[in-house]
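Two complexes, one shared chain (subunit A), two partners (subunit B, subunit C).
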Partner chain A sequence: MNTEKNVVSTLFERDILVNFLYQLDYFAFKKENSIKDFILKSLPVKMQESILQYFSQETENNNIDALVLKSKSLIKELSSLPVITLTVNTQLTEEQIYSISKWIQENTGIKVLLHFVEMENVVGGAIIESRGYIRDYTVKKYFEKRKENYGF
Partner chain B sequence: MNFALLFLIINIVFFGGIAYYFSVQRKQLQDEEEQAQKRHEYADISVERERKELEEELVEVREKGEFILDESEKLAQELIYSLDSALGSEGRKISDLYSKDRPIEEQLGFLREKIKHEYVDKIHSLLKRLEKFEMQKAVNVEKFASEQEERNDKNMQKVRMEELEKIHEKIENYKNAEIALFDKKVKVVIESAAMDVLGHALTNQEQEELIIKALTKAREENIL
Partner chain C sequence: MDFSTKMNEIGEFGIVENVRHPIVTASGLPGARLNEIVLFESGEMGEVFLMEENSLEILVFSKNPVMVGTKITRGDSFLSVPVGDELLGGIIDPLGNSVSQNIRMQKPATFRDIDVAPLGISSRARIKKPFVTGVTIVDTMVPLGHGQKELIIGDRKTGKTSFLLATIKNQVKLGSIAIYAGIAKRKSDIKKVETFLQDEGLANSSIIVSTTSYDSPSLIYLAPYTALTIAEHFRDMGRDVLVVLDDLSSHARFYLEISLLAKRFPGRDAYPGDIFHTHARLLERAGNFKLAEGREASITVLPVAEVVEGDLTGYITTNLMSMTDGHIFFDSDVYYEGRRPAINVPLSVTRVGRQAQSPLLRSINREISAFITLYEKVQNLSHFGAELNDSVKETIATGESVYRFFNQHYNISLPVEVQIVVFGLLWLGMIDRSEENLEKVKLRFIQEYAKDENKALFNSAYQQVSFNKLLEYITTNKTALLSI
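After this line comes the complex of A and B, so read on.
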């Protein structure tokens, strides 16, 4: 399952999906509604199609055990994805998030989840936190460095 | 009966223990409060002492400045009065030329310039006017003036002017330091405002481009 490109790009989306998958386990235990209805009711629109497709075989065969097993495997896969935290100035649109996520995947070859933090005093660019490093790549930092070096 | 007595003793010991515990706690709290109070008092005393020292220093500088002002004024007044008297006109009240309400720093600067331009010019002007008088009178006055000048140079005037220069230098340094600090503050405020404006001026597209640039840099530095 291409979790980054089609379903989840951010940590927030990952949490929604993982929460849903845990509920799926509970749903399977209760067996009250159809799985499809439950997916449509519980997930955001952008995730629904992919998830339905992902679990299509299990839902068609009504194989609850296989569905639970697959959901657990997906939870494990999602939880192991590395997270990159980007502290930025503004709230980005879904398209922009997708674009950034796509750029990372294309340029680093790794599947990652993005975690966006909004901070007013971050100007132009982002503070990036990844693999235990925190670096300031903002315009503000650039000006500060220039001031240190040249005094203006 | 024995049981009741035992119960009573246990109760007394128990409540006595509690009372002792609370009294110890209370004592500790009181001690802590006293220590905190002492610390505050000590801090207050230190601050007060420093404040007093500063005030005393300032008073000393002011007194010194005022003394120089008075002495310089007196000197200039005496000189002009003597010259004016020799020329037959009345002495001028120099103290009217500047206000006592002005700050001492300003007065010092003002007087320095005044002595340099006004008093010296005035004396020179008076000395020139002497040329129009009879030779004898002129000789006498010039002799008197040169005596005054000579005496002042040798004795007090030089010292006073040097002190005046020193204080003026101190004031200049203080002013320069204040200006530099102000300049720095202004720069910080301007930078902060500029950053704020820049942050709001960037479009979403530009923000995205800058984020991609940041990620590119992070990739080059093997952060990703």
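After this line comes the complex of A and C, so read on.
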């Protein structure tokens, strides 16, 4: 699925979408409402258009089996995306998340999910964790190191 | 080692994905190496046990399981134990922490890697120094040499530990260092060993590496490695070391548990395929080694294997028999006959001990072996109830007295000089052959041997080159020997 439109850029958003996709399976079984209504009811506005577009062929043909199959492959794809955890001081805005996500995609060329952890004692910058590596790029750490090396 | 300090320093982390205590599967740690230490966020410690493409298997040393989702980091070092003189008299766990409530031990500053490859042939010297256990039947019939690996095998409650304690006592008195590794023992068993060492004044030259059956299987698995690592430290200091591994059949059982939990394919009797390699690699760390300036120092290992109803054909026992330099078999039938120690001499083997024996002891050994074969044969015939002639009666009487001579309480260590003099007197019929009298004579001679004025008399007996010469010497000095 194309994530360039930032349909899913954080781990939180992925969890919402994956949860929806699992429910889709259940919905297909019950067949109470139309799929479109279900999408509009269950997903945030940001995701609705892209998801409707993604499943447009299956919804038009009312092909439930194909829909379930496609949702399962999407779950698999989303679960295999690498996660970058950023420990920051405050909650980030949508724009900040978007620009971080865009910067990572432009510079690394890979689609990643961001996971934000808020921690009060992280001062100036962020701690970045990914694929088993951890790097502390905070001002606090910089001063701690400086104190260790130079004594001030 | 602190978790957060190490994580900041190394900049790598992993996440626990799966727990099958004591085995943990984790993702992350891209720079991990096999057998490297792993630190857990919750304070536990582990070791990289197996590496796969996207995951690691870690052996956790704590008794309590860790939680899924716990963060881990690399310790950037391999598993090591503190080694040094400070350990003497201590009771430690396989990670080098003191576990004794009574003894306050200072932790040594030097560390040594636990799992190292055994030294090669160029570092080894021929085994030529006799290893005196102080137990007559062993020193004469199944002699050992410094640096030998001799398996102590037998049913439970046949006196194996008592024999080992007697050996430790004698060796410590002769200047060696003793390391007792209790592998999944009961707390009361460890306490017994501790009390024995303290009561006999041996604590300052001995170390107990203790694990009980309540400990984590991974910690139990490490116990013999720790014992040998400490032994290697003292060997490098030029000291002879005795290591008792009590027992390796329990060790194999715990290794089996770990391997099955790690989903390794089970082999014969469900033991993992590398059990032979694991034990052989461990026992190969024993031997007589060359040190600088032409000196030599040895690590003698006495591993114990417990069998059921005298069955010597078990998988682990036959493995151990083939990788050691012989075995001493403690037979329950012999035990119920009342012989102590209950060693079955014909079924015991020593492969390198005889080359370390003095010519006199070799000669005595030959004589007794031949006699015992005759005695067993004659004794079998006597069961038919036929009327026995005088020479058969004499053979049976002498045979019984020889076994009585071998009877020995584990608290009593007999110096070799005393052993041969008492045996010579007994063989020549110069002393009463009753059990009580033999016990009295042994005790008296041990006391008298300690006195300087009597030493020469015993030492000259030991200088004789053959059994016949010894008998001649004893006949000549009969009065002097019997009057002391």
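Everything that follows uses one rule, which is that the second predicted complex is superposed on the first by the 150 of 152 C-alpha atoms of A that agree within 3 Å, B and C clash if a C-alpha of one lies under 4 Å from a C-alpha of the other, contacts with A are read in each partner's own complex, and residues count from 1 in each chain.
We take it that a residue touches a chain if its C-beta (ideal position, glycine included) is under 8 Å from a C-beta of that chain, and two chains touch if they have at least 3 such contacts.
Since we're looking at a predicted model, the values are computed, not measured.
Peer 1: Check the residue A:108 against both partner chains and state whether it touches subunit B (first), subunit C (second), both, or neither.
Peer 2: first
Peer 1: Touching A:92, do we find subunit B (first), subunit C (second), both, or neither?
Peer 2: So A:92 only meets subunit B here.
Peer 1: Once the shared chain is lined up, is A:126 touching subunit B (first), subunit C (second), both, or neither of them?
Peer 2: It touches subunit B, and subunit C stays clear.
Peer 1: Tell me which partner A:84 touches in the superposition: subunit B (first), subunit C (second), both or neither.
Peer 2: After superposing on A, A:84 lies in contact with subunit B but is clear of subunit C.
Peer 1: Overlap of the subunit B and subunit C footprints on subunit A, residue-wise?
Peer 2: Dual-contact residues (subunit A): 131, 133, 135.
Peer 1: State the interface residues of subunit C toward subunit A in the complex, per the touch definition above.
Peer 2: Spelled out, the residues of subunit C in touch with subunit A are 7-8, 11-14, 27-30.
Peer 1: Spell out the residues on subunit A that touch subunit C in their complex, using ranges where they run on.
Peer 2: Touch list, subunit A to subunit C: 129, 131-136, 141.
Peer 1: Quick one: in the complex, what on subunit B touches subunit A?
Peer 2: It is residues 191, 195-196, 198-199, 202, 204, 206-208, 210-219, 221, 223-224 of subunit B that touch subunit A.
Peer 1: Give every residue of subunit A touching subunit B within the complex, in rising order.
Peer 2: 84, 86, 88-90, 92-93, 96, 99-100, 103-104, 107-108, 110, 112, 120-126, 128, 130-131, 133, 135, 137-140, 143
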